Every structure is written in structure tokens, then in C-alpha cells.
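Shared between the two complexes below is subunit A, which pairs with subunit B and subunit C, respectively.
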Partner chain A sequence: MNFSWTYISAIISSTFRMCSPILLCSLAAAVCSKANVFNIAMEGCMMISAFFAIVVNYFTGGSVILSVLAAILSSMAVSALLAYFIIKLKASPVVVGMAINTTSSGLTTYLMYVFFKTKGLFQRPSLVGLTKVTPFFASWFPELSQMFYGLTYVDYLSWVLAIAVYIFMYKTVLGYRIRAIGINQEAARSLGTPVEKYQFITMTLSGILCGLAGCLLSMGSVTLFIQNITSGKGYIAMTANNLGRSHPIGVALASLFFGICQSVGSFLQQTSLKGQITGAIPYVATILASIVSSIRTKQIKERKIHEAMKKTVERQENAS
Partner chain B sequence: MILQMKDIVKTYGNVVANDHVSIDLNEGEILAIVGENGAGKSTIMKILYGLEKADSGEITVWGEKVNFRSPIDAMKHHIGMVQQHFMLFGSMTVTENIVYNNEIAKNGFFDRKANREKVRQLSEKYGLMVDPDAIIDDCPVGTQQRVEILKTLYQDASLIIFDEPSAVLTPNEVDDLLRTLRELAKAGKSIILITHKLNEVMAVADRITVMRAGKVIKTLNRADTNTDELSYLMIGRHTADLQLRPHNPGETLLQVKDLTMGSAAGKKVLNGVNLEVRAGEIVGIAGVSGNGQTELVRCITGLEREYEGSVTVCGHDVSNKGVDTIRQAGLSHIPEDRYVWGSAREASLSDNFLMGEENSEKYSRHGVLKSKQIIEHADKLIAEYSVKVDNSRQKMKELSGGNAQKIITAREIEREVPLTIACEPTRGIDIGAMEFVHERLVNKRDHNGGILLVSSELSEILKLSDRIYVMYNGQLNHEFKHGEVDERKLGKLMLGGKADE
Partner chain C sequence: MNDKIKKLTASLKPLLYPLIAIVVGLFAGGIIMAITGHDPIKGIFGLVKGGFFSPYSLASTLTRGTPVIFAALSAALAWGSGYSSMGAQGQMIIGAITAAIVAPLINAPGWVVVIVTLLAAMAAGALYSLMSAWVSARFDAYLLVITLMFNYVADYFASYLTNYVFLDPNALDKLAIQTQKIENGILPRILSRYTTHYGFIIALVCVALVYFIVNKTSFGYKTRMTGLNASFAQYGGIKAKRTMYLVLLLSGAIAGLGGACEVLGTKFRYVDKMITSPGYSWSGITASLMSGYNILGCLFSAIFLAGITVGGSVVELSMNIPSEITAIIQGVITMLATARFVINWKKKQNGKAGEQA
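Coming up: the complex of A and B.
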């Protein structure tokens, strides 16, 4: 019994740790799609910010605050560049997004060599990670204290941000205007909203979320930078955004689902299952979730059409 | 006088859209601007609303000379516009749509209650009934239009421009709209109504400005004129009275037998439909839309293949066959919606003319297109149908509705096949283009072609059809010969009434 409680709380803690970067990135994707800009560059933003967090961490002798700041600012810079291309220059968001994702992978590898003269992996004892926090109520349930093992304040923050984004999008005037732009850009423009300005700001600010995700990767459970540290989490976040229909709460649940898949996948590595199979679990889950999501979208659409037809018939019957 | 537009000139390339146009408007007045598509009436209103900039001319609003750069400037001067294509946020509520950009906020938070109350008051004040909490997508078109009107009122507009407001409405909704226009004028709002529907103009306008080919032809008082004079001024000639020459129909071109189709809900959308179209006749199907006409046409043209019963086109059994087979058998189709089915908006005119024919030997060899023949064909049809365009490389979306319809009509009628299905061939197009399309359909009939005409416009059915079927609830219930039935009786039958009532 004791063993299984420990085991479960370890899985839960791992789930939370796996979930937070995905959650932050999918929130970024969600606010962008609410504002009618298609953002697929979370992967790149995250990688750049993870890298600069480590760079600043190393050169300031372990200043966590400055590292987090560097992560946020670098990610915002990348997002602003992306926004400039998509919104100002009207470039295809897919092309620009992919360009940023591949560039950031190459760029970080190159800069790692420039700054640290190493390839592949950079790790130093002088690097300081994010502060790990155990909430005060953890001691009330000794069996479950493992649940909060290794969680940093950014992990907790990601959940607070999910709620904050929800309140911002659905309760404030600004959020309402951003959603309106997403629903009908031309209508918003016709009423005097500087649509491009709103979109540019939304996209740039979404960089903050990816920046936080980035520093979680390089300064969270471990403090280091390796090539391709994001390992496709940005793309999983894209799927989480689809699955959660760009609604902050939906997106949070979808991210949690992917977090569970990742943590279960890594725990099953300790069993006799082949590593290749357990490693594939999160990605297989992504594909399955995408399929389920698109089937559901289709069903909802069909139901809507059906209801609309029924209404028309009723109206005609009433008219006659 | 609250508005004076003087000597406005606007050119696009070498087309003069507005040629020294002058318009004025008094307080509390309804001014109708009538004219055919392309007469320049929309352009002059776009200039007034700040959507376009005039090349020269003067605009004075409430005694102040203005030069609007955007609709925002116009709104600040209390000018609002209800556009033909609504500018609404579909998945938001009525309230959210109306208060946008002028929301009542509490510390940056959207104050749901206060905004809803504001909308309720406004809607009661002007008798424009809406449910503040309804989602726009769930509202009928008439309600959506009321929301657009409320939007302009919320922005405190005193001069409201309506661009073809009745084009999208059902007859009942049109009555409501006309009543609303009168009430708004009574409440002191000044209204400009752009339209080409003369009966609406005669019902509400105080004065009428007629435009043709970019110029103002005349401005008249409603009391001093009538629809005949107006249509003469609009078109520049008297409308021809089209008469069907008696004609003996020949062999059967289209035979539909016991066509039955179910729907997802288990209800029969088509229930044992039998009909026949013979060479040299136009057969009309009258009905309120949604009674199975769309499905019937989809079955005959092969867009729908899951049905029972048989369809024979020119002697070939094409039951449950695909579109291409049926077109090869000898059928052409002018679809109900000119943009959804009829054409590709982003493609050039010559490409649109080619569609469906790209595999024929005339226009391609071994899969390579013969550009010269294609362009020649396009140019020939553009000239023959007098479509107003610069050249055949233009994109479809740059054309007005009437011209787009002419292109589709030209493509389908000029295909050398005996049978044509024409669905709503004149929906939303002006009198000139309508007459032209009618003339072409009759011309095809006189040359021994067969035409199945599906239309919700009764006058069209009555004028053109040698035989008329009435469609109600998935069945063809009644059949009449030309001249045997009138609009009133047909209208009753279309709603499921009995013939002898």
C-alpha cells in the first residue's frame, strides 16, 4: 500500500512537471488563435528562451531572476518577429512558423558552440535552477507529499495563468475585443478597431508564456541545455490547443492529458516494455487525440447544420 | 438640409464610377437612390461613408465641410451604414455585437448586465425587437439586420445608409424592414436607401434619385412618379414584354420517375417525384425554398447519388450516376448559388468559362490546355452576353452579382447540350441583367432546348414556363399550363393549400 501511494504520487508529480510547459505553450497558441493569428512557432520560441535562460544563468553566476527575464524577453522578441512577418508582411503563418522552429534549433546549436565551445549538451555546477516549492498543505498528507516533488513556482504559475487567461479573454473588455477580432476581423475593423495592432500585441505577449515554458525546460527538473531540448513539446501544445478548442480551460485539460501520457510513458520505461514503445506513447496519444478531435469537430458541425435545418422547417411551418 | 454631396467624381482605372454626382438630404427624410448594378449608387455611398475617397467634389454634413478617411470619421459625424453583407460576430451575443467598441466597463471588466440593459432600452425605444442574449448565428437574417440597425443607433447615427437591405430578406421580413424605415424617419433619423426594387421605393421613399452609368439622371418626389417612369429612367429604355411564342414540344429530354430520398432525420425530403421536360419547353418548379427543390436538382445533376427511383437524360439512364456522366449525357446546370457552386471567385473569367469543359477536345489535347481557344471562347461569350469587364483575365470576385450570373449563364447555356437546369437564375440581379437571362432561356427553348426552371420568384415562373409544377413538402402536387394559374393561387398552393379553395 505504502509503495503504491508513493508510486502514484510520483506519477502525479511527473505529470505536473511534464504538463506545465505544454500548458503554457498551448495557452499561447490559444490566445493567438482567439485573435485570428495562427501560431505554430511555440517550439522555436520555447527553444530560444530555454537557451538564453541558460546563457544568462551562466554569465551572471546563477541569477534565477535574470535568467527567467532573459527567457521571457528572448521569446517575446521571437514572437514579435513572427508577428511582424505574419501580420505586417502578410507572410504565410505556416511557412514563417516552421522557419522559426527550424532556425531556432540550428541557431541554439551554433550559439552553444560560440558561447560555451561545446556541442550537444551544456551543463555546469554553477548553474542554478528554478526554486522548488512544496506547498504548506503538503505535510497534511504524508503519503502524498511526493506529489509536489520537484515542482517549481513556475509550474504552479502555469495553472494560475490558465485561469488568468480565461478571466482576461472572457471577462475583460480587452479580451472581448480580441475574441471579436478572431470571430470576424472585418467587422471589428469596420467598427474602428486597429485589428493589426491588437494582433501584434497579442502575439508578442503570447511570447511571455512560451518564455516561461522555455525556462521550465532548461531550469526546471534539470538545469542544463541540450540540443533540441523541446523535443516536439511545441507541436504537442498545438494539438492541445486544437483539442481544447482554444478555450483556456479546455486547453488546460488537454495539456493535462498529454502530461499524463508523457509521465506514464516514462514510468513504463522502468518495466519490461521496450523503450521504443514507451517512448512513442506521448506521440501516439497526440495522433489519436487529433483524430478524436477532428471527428468531434465534424460531429458538432453536422449537428449544427441539422439543428439549423430543423429550425428552418419549423419557421416555414409556422409561416404557413 | 443635413447632407450635401456636390460634383463627386470617382474613377477606377478608366471606368468612371461617379461622374459629377450631386445628392442632398433633408432631416427626417427617406431618400432612395435607385439604379442598376454598376450605376454607381454603391460607390457614392462608399464615398460618403469613408470607405472610398472621391477624386474630386465636396461633401457637407450638418453645415460642416468634411473629408472622411475611414468609416470611423463618418461615425463620429453621426453617419451609420447597414451594409448588404452583415458585419457581425457570429458566435457572440446580440448585446456583444451592438456595444462593441463602446462597451460599458467596470475596471476594465465587461459589464454584462449594464450592457444588456442598454441594448434592451435601445431596442424598445425604436421598436426593434431583439433578444439581447441570443447568439447571432442562431438568429434569422431579419434579426441580424435589426442588430446591424441597432448598432448604428447605438453609435448615435442620425443619418443611416441602407445598402440593398431587402436583398437577403424573406417577404415578411421585408415588410418589417419597411415599417422600421418609416419609424426611424418619424423619430427624426434621415435615411438613404440604396436599392433597385421599385415597389419598396414607392412604399417608403420621400424622394428618389435615379442613377445610371455613373450619373444622376433625375431626382423626383415619390408623389410625382410611378414605377414605370422609374424603371424607364433606370434602364434608359422601356422594358420589353416577353411573350412565349406557342410552340409544340418535341421528344422527352428529362424523365424523372418515383424519385424518393430520405434524410438523416428519417423524414422523406423527396417523396415519389415524377416529372418530364421535353424539347422546346420550359418547365417551372414553384415552391417556397426548403421543400425539396434543392435536393431534386442535386439528384438530377448527380451531386446526390443516394436515392431511389430513376432519372433519364436524353434517353440515357443516369440514375445514381455521377456529375460528369450526366453532363456528358446532355445536361447543363446553372446552380442555385453563383459562388458556392457556380464559379470559383479567385479564378479568372476564362478559367470560369472553361470549368467542366477542360477535358473536351475543343479546349485540351493530351491533358494540355489550349490557351488560345479558351481565351477566344471567353472573349466571344463576354461580348455576346455584354458582360461589363475589362478582359477575361480578371478574377470572378471582381464582378458584380449580375455580371457574375451572366458568366455562369453563358457557360451553361452555350454548352451545346439539349437540356439546362436553371436554379434561381436571376436571384439578386438587376432588371437589365434579369431580362437578358430570361431572353436567353427563352431563346434556348425556341431552338428546341429543354429547360427546367427552379425559382422562388413567382413572376419569373409565371412569365417563362410552358408548364408549372408546384412543389410542397417533397412532392410535386399540381401541374398547370402557361396562363392557367395566377400568382395568388400559386402562392397558396406553395404553402400547402388546396387548389379549389
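Coming up: the complex of A and C.
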């Protein structure tokens, strides 16, 4: 194998491309878990939005803006439905979430046959993908431009959104209230926060993030729709959210890790390693990452307990 | 007399909710058919007719239903005890590939081969389930996500084994990714004309066993208590961790057995994606959810779901309605499965309010 600069920059650009859908979804998961709603339907939201992006793209003759809009709206609609079931009907979030994930897989295949008379793969030359952008500074060095090869503006937007979500959650009043729900729902309610309303809004807005992620899947590096296009990315995003402890910056780093795993996995396919082994890499990485994260959480907890005990001992000594 | 009627209605009550969910699910399917320009009444009738209304279709429904019953039992055990495991799929894959590897290795009379193979598959499924349970319990990770990840890993692992280690060298179709055909030690058909094999009988025995375990043993009582309220159960002296491992071990063993029956009964070999693509595990989980983890309810729900799936492929051929309509109906049924808890919950709330007043 030849580890040239081209090779490394290709891995970096593919890492960014693989990372952004996971990043967007895990941000959605983070926002929801901050508002004390367990959202596992990112997979379904992503699939529906990826599908409707392609449908609108095809029937409008390649209007990218309308496709992105369709993706966002469809994902928001699914999220709102989920929110209605979880918050208003008090249904089990796990069951409804899983139901949405599998229904969307069936529904997209069904509609794919209705619209395009095909199952499995839909690709047409008339479909237009998201515009690919290279940042202005990349043109100064040819090596850098390779690193940003094939990135669309939504890929960049995902990182901007990570910062935006951070500012929203930690620097605005609304974000503060949403976090208060997550810390103690009943306390927030007793202070007069309309908990259900905020949860509903948060979930519906998280649909925007999943919608953008869906766009990236079907109109990002390739412009097509295949059955089960999400292939578990929504669940990986859940782990990324867990790993990053629902903090936008932590979540971004965790998504970057999963992006690296996926891109390395797909690059190792070109080597003598078998596709079945490289394909399993992201999923094995997810399992390992949850293990590592839990060990770290435990260490932090133990350290905190240790420090607290030390402090009380000191205080007692001072008092005596 | 009045008591008898009350008893009867009480025993029929578990069937009521699934029936409502089924009716609404079919109705939703009909709406989608109507929107996409198909005749909904003909379509829905076709689904049910295609699955149940002739000996041949009933036999294929039972054949297809066999793995679904195993998956439903596995899910009902785990979910009913409060552990949302999605791992049935991975465990079935591991059971199936184990069966496909073990069966050709044994040189013995057919029935010995069958028993050894089934036991091996059960052990493999149980072990795989224990692995995911251990990771989830020891490292405090979502069981749901961990089991899903284990499913993907199992699929790739089995695919690797079939592709590179146990690929059938005598296959006529060189593109087919499958293991060697099992000649000795298959599960025979019950009636030679129909595809339903003895795996279905094994499934029925499993239903009876699990019903007995859940409803008549102290272990079953413990699992049900943990499912109702985990912290209360622990307070009452139930060892939560031990119960969890046992439940998930059992549920994995059942799933593994299901995978093995599918290999020994219908395909006689492991074919790549043979468990994943028909979606047995999801149908099983839907069946267990819509019956509220009631074991007998699982049996009927599983057969019903298998029936509309068989009907789905009939309808696809005859009316050009994509067979995924059954996946949509299943999804709607699942979403409504928890809406039932809504009714219960609201009742409880009203009751509480009444007490306070």
C-alpha cells in the first residue's frame, strides 16, 4: 500500500463526507436528549428525507433548493409525528421510534416502486446533486484542495450548525430552558415552563438536522437512492451522542471519530482485506466506543466522588 | 353465570387490542393503496386471501411464520422483562450459520444430526446474546443500540464465513453465496405436499415451554416483575443482573434455534442474507409488541404477520402493489401497539384523580 499525500488527503476528505450525516444526526439526538426526550428515529427521518429529496429532485428537473427543502420538511413532519406519539400520547419512545425506522424503510421502497417503477436502486443522469464547494483558502495549496474534494456546502454547514447548536443551547434563554427540562422536568414545570410545548418544538426542530443529513446521503457525494440508504447511521449517531455526552462539541468530536472509522473502513476495501471485514468496522467501532466511553465516565465519577470525600474530610478536620 | 362471562371476556381481552391494531393497520394500508392508485378493498382482501384462504397459502404462511414465531418469543421474553433487545436478528444469523456449519460435519443418523445441530445453534445464539448483554450491562450502554450493532456484525461475519470459508464448491450457480447443502439431518416436511416442516412443531413446543416458564415458574414471575418495575423488583429481592442475563440467554437460545430451523427446514444451507432480507426479526418484534408480550398472543400475531407477508407477495404479482405494503402495515400496528398503553395510562390517571377527589 502506498501512503502518499494524495492517499491521506483522500482519506481526510472522505472522513469529512462520512462524518457530516452522523454529525447532523447526533446533534439532533443531543438536542432531544437535552430536552429529556429519547429520540431513536433519526434513522427513519434520514431515510424519508433522503428519499423525498430525490423524488423532488427528479420531478422538478434537478432543483437542488426545492429538494433540500422537501427533505427538511418531510423529516420535520416525521419528527413531529414522533413527538406527537411520545409527548402527547405518552407512547414508548423506543417502540414508536423503531416503528418509524422500519416503516420508513418499507414506505420508501413502496413509494420508490410507485414513483420510479423500481426497487433497490434509483439513479438518473437528470438528478442534480448538492453543489460542491472548495473553500477559498484551499486554492492556495493544491494539497489542501484535495483534502476538501467533493465536499458540498451542507458538509460545511454541518460544522457551522454544531457551533450554532452550542450557542443556542448554552447561550440563549430558550436553550437554557430546554436544558432545564432535561435536568429536572418536574422542577422546570413547577417554574412555569411549558415542558410539553418545548419538547415538541425541540423534536420538530431536530427534524431539520436529520433532513439535512438525509440530503447528504442521497445528494452528497453520490446522487441516487438505494433501499436502506442509511445503513444504521442513525444508530451510530445515537452512540456518538452518548459518547459526546449530548454536548454539541463532544458530539462533533465523536462523530469525527465515526467518520474516520467509516472512511478508513471503505479505504481498506482496496487492500487485501475482505469487504465483509471492512464493512463491519464502523459497527465494531461503535461497540468499542461505548465500552471506552463508559470506562471513562466511571473514572470521572470515581474521581469526583474521591474529590468530594477529600473535601469533606478536610472540612471536618478544619472544623475540629 | 355472570362470573363465567366475566372470566371469558377477561381471557379474551388480550386478543382485543391486537385485533384493534390489526384492523387499524390494515385500514392504514388501504389508505396508502388508495392514495397510490390501487383498489384498497381488493388489495386488503388480496393480502388476507393470499395468506390464509387456501391450503397451499396457509402452508407457506406457516413455513414463513416459523422463524417469526421464534423471533417473537425471543423478543417477548426480553421486552416483557424490560430489556429492549433488538438482537433476535443477529442471534438468528449466528444460529443459522452455526447450523449450516455443524450439520455437514456430523456423521450419524439423521435425527442425531438434527438434535446436535439444533443444540449447537441454541448455544451459539445464547452465547451471542450474552455477549451483547454483557457489553450493555458491564459498560452501561443502551442494549438497543448494542444489539443492533451486534446484528450488523453478525451479518458481516456470517457473510464472510459463507464467502471465504464454507462456500459451496459444487454450486451450479457460481454467483450464489451459500454453504454446502445439508443432505443428512434435515427437518422433514410434515405433509409432503406442503412446505411446512417440523420446525413449526418445534416452534409450537417452544411456545408451550416459554408460556410455562413465564407464567408458571418463579423465574417467570421474577422476569415479569422486573418488566413491570425494575427498581421495585430489586427492592423485593430479585437479583436484577442475574435475571437479565438469564432472560437474554434464553431469548438468544430461542432466536438461535429459530435460525437453525430455517436452515434445516427450508433452505438446507446458509444463504447470504437469508435472515436479514425477509425481516423475520422485525416481524417477530412487531408480533410480540402487538400482543403485549403475551406468549400465546405472540403465536397468533406471528402467524398473522407471516400471512400478510405471504399475501403481500401474492398481491405484488397479481395487482402490482409493492409487497412492502406489509412492512408499512406492520409499522402502523407497532406504533399503535403502544397507543394501547396510552389508554391504560389515562385510565390510571383518571383513577388517581378520582381517589384524590
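For this structure, a couple of remarks:
The criterion applied here is as follows: the second predicted complex is superposed on the first by the 297 of 320 C-alpha atoms of A that agree within 3 Å, B and C clash if a C-alpha of one lies under 4 Å from a C-alpha of the other, contacts with A are read in each partner's own complex, and residues count from 1 in each chain.
Keep in mind that, in the parts below, contacts are C-beta pairs under 8 Å (C-beta built on N, C-alpha and C of every residue); 3 or more make two chains touch, one makes a residue touch a chain.
Being a predicted model, the structure only gives us computed values, none of them experimental.
Which of subunit B and subunit C touches more residues of subunit A: that partner is C.
Look at A:94: by the touch rule set out above, it reaches subunit C but stays clear of subunit B. In the superposition on chain A, contact is made by A:286 with subunit C only, not with subunit B. Of the two partner chains, neither subunit B nor subunit C is touched by A:164.
Of the two partner chains placed by superposition, only subunit C is touched by A:102; subunit B is not. With both structures placed on the common chain, the touch criterion links A:113 to subunit C but leaves subunit B unconnected. Judged by the document's definition of touching, no subunit A residue lies at the interface with subunit B and also at the interface with subunit C.
By the touch criterion given at the top, residues 70-72, 75, 83, 87-92, 96, 100-101, 103, 105, 108-110, 138, 140, 151, 172, 264-265, 288, 290-291, 495-496 of subunit B touch subunit A in their complex.
On the side of subunit C, the complex with subunit A involves touching residues 32, 36-37, 84, 86, 135, 138-142, 144-146, 148-150, 152-153, 156-157, 159-160, 163-164, 279, 282, 285, 289, 322, 324-328, 330-332, 334-335, 337-339, 341-342, 345. The residues of subunit A lying in touch with subunit B in their complex are 171-177, 179-180, 183-184, 186-188, 190-193, 306, 310-313, 315-316, 319-320. The touching residues of subunit A, when paired with subunit C in their complex, are 40, 85, 89-92, 94-96, 98-100, 102-107, 109-111, 113-114, 119, 232, 235, 238-239, 242, 274, 276-277, 279-280, 283-284, 286-287, 290-291, 293-295, 297.
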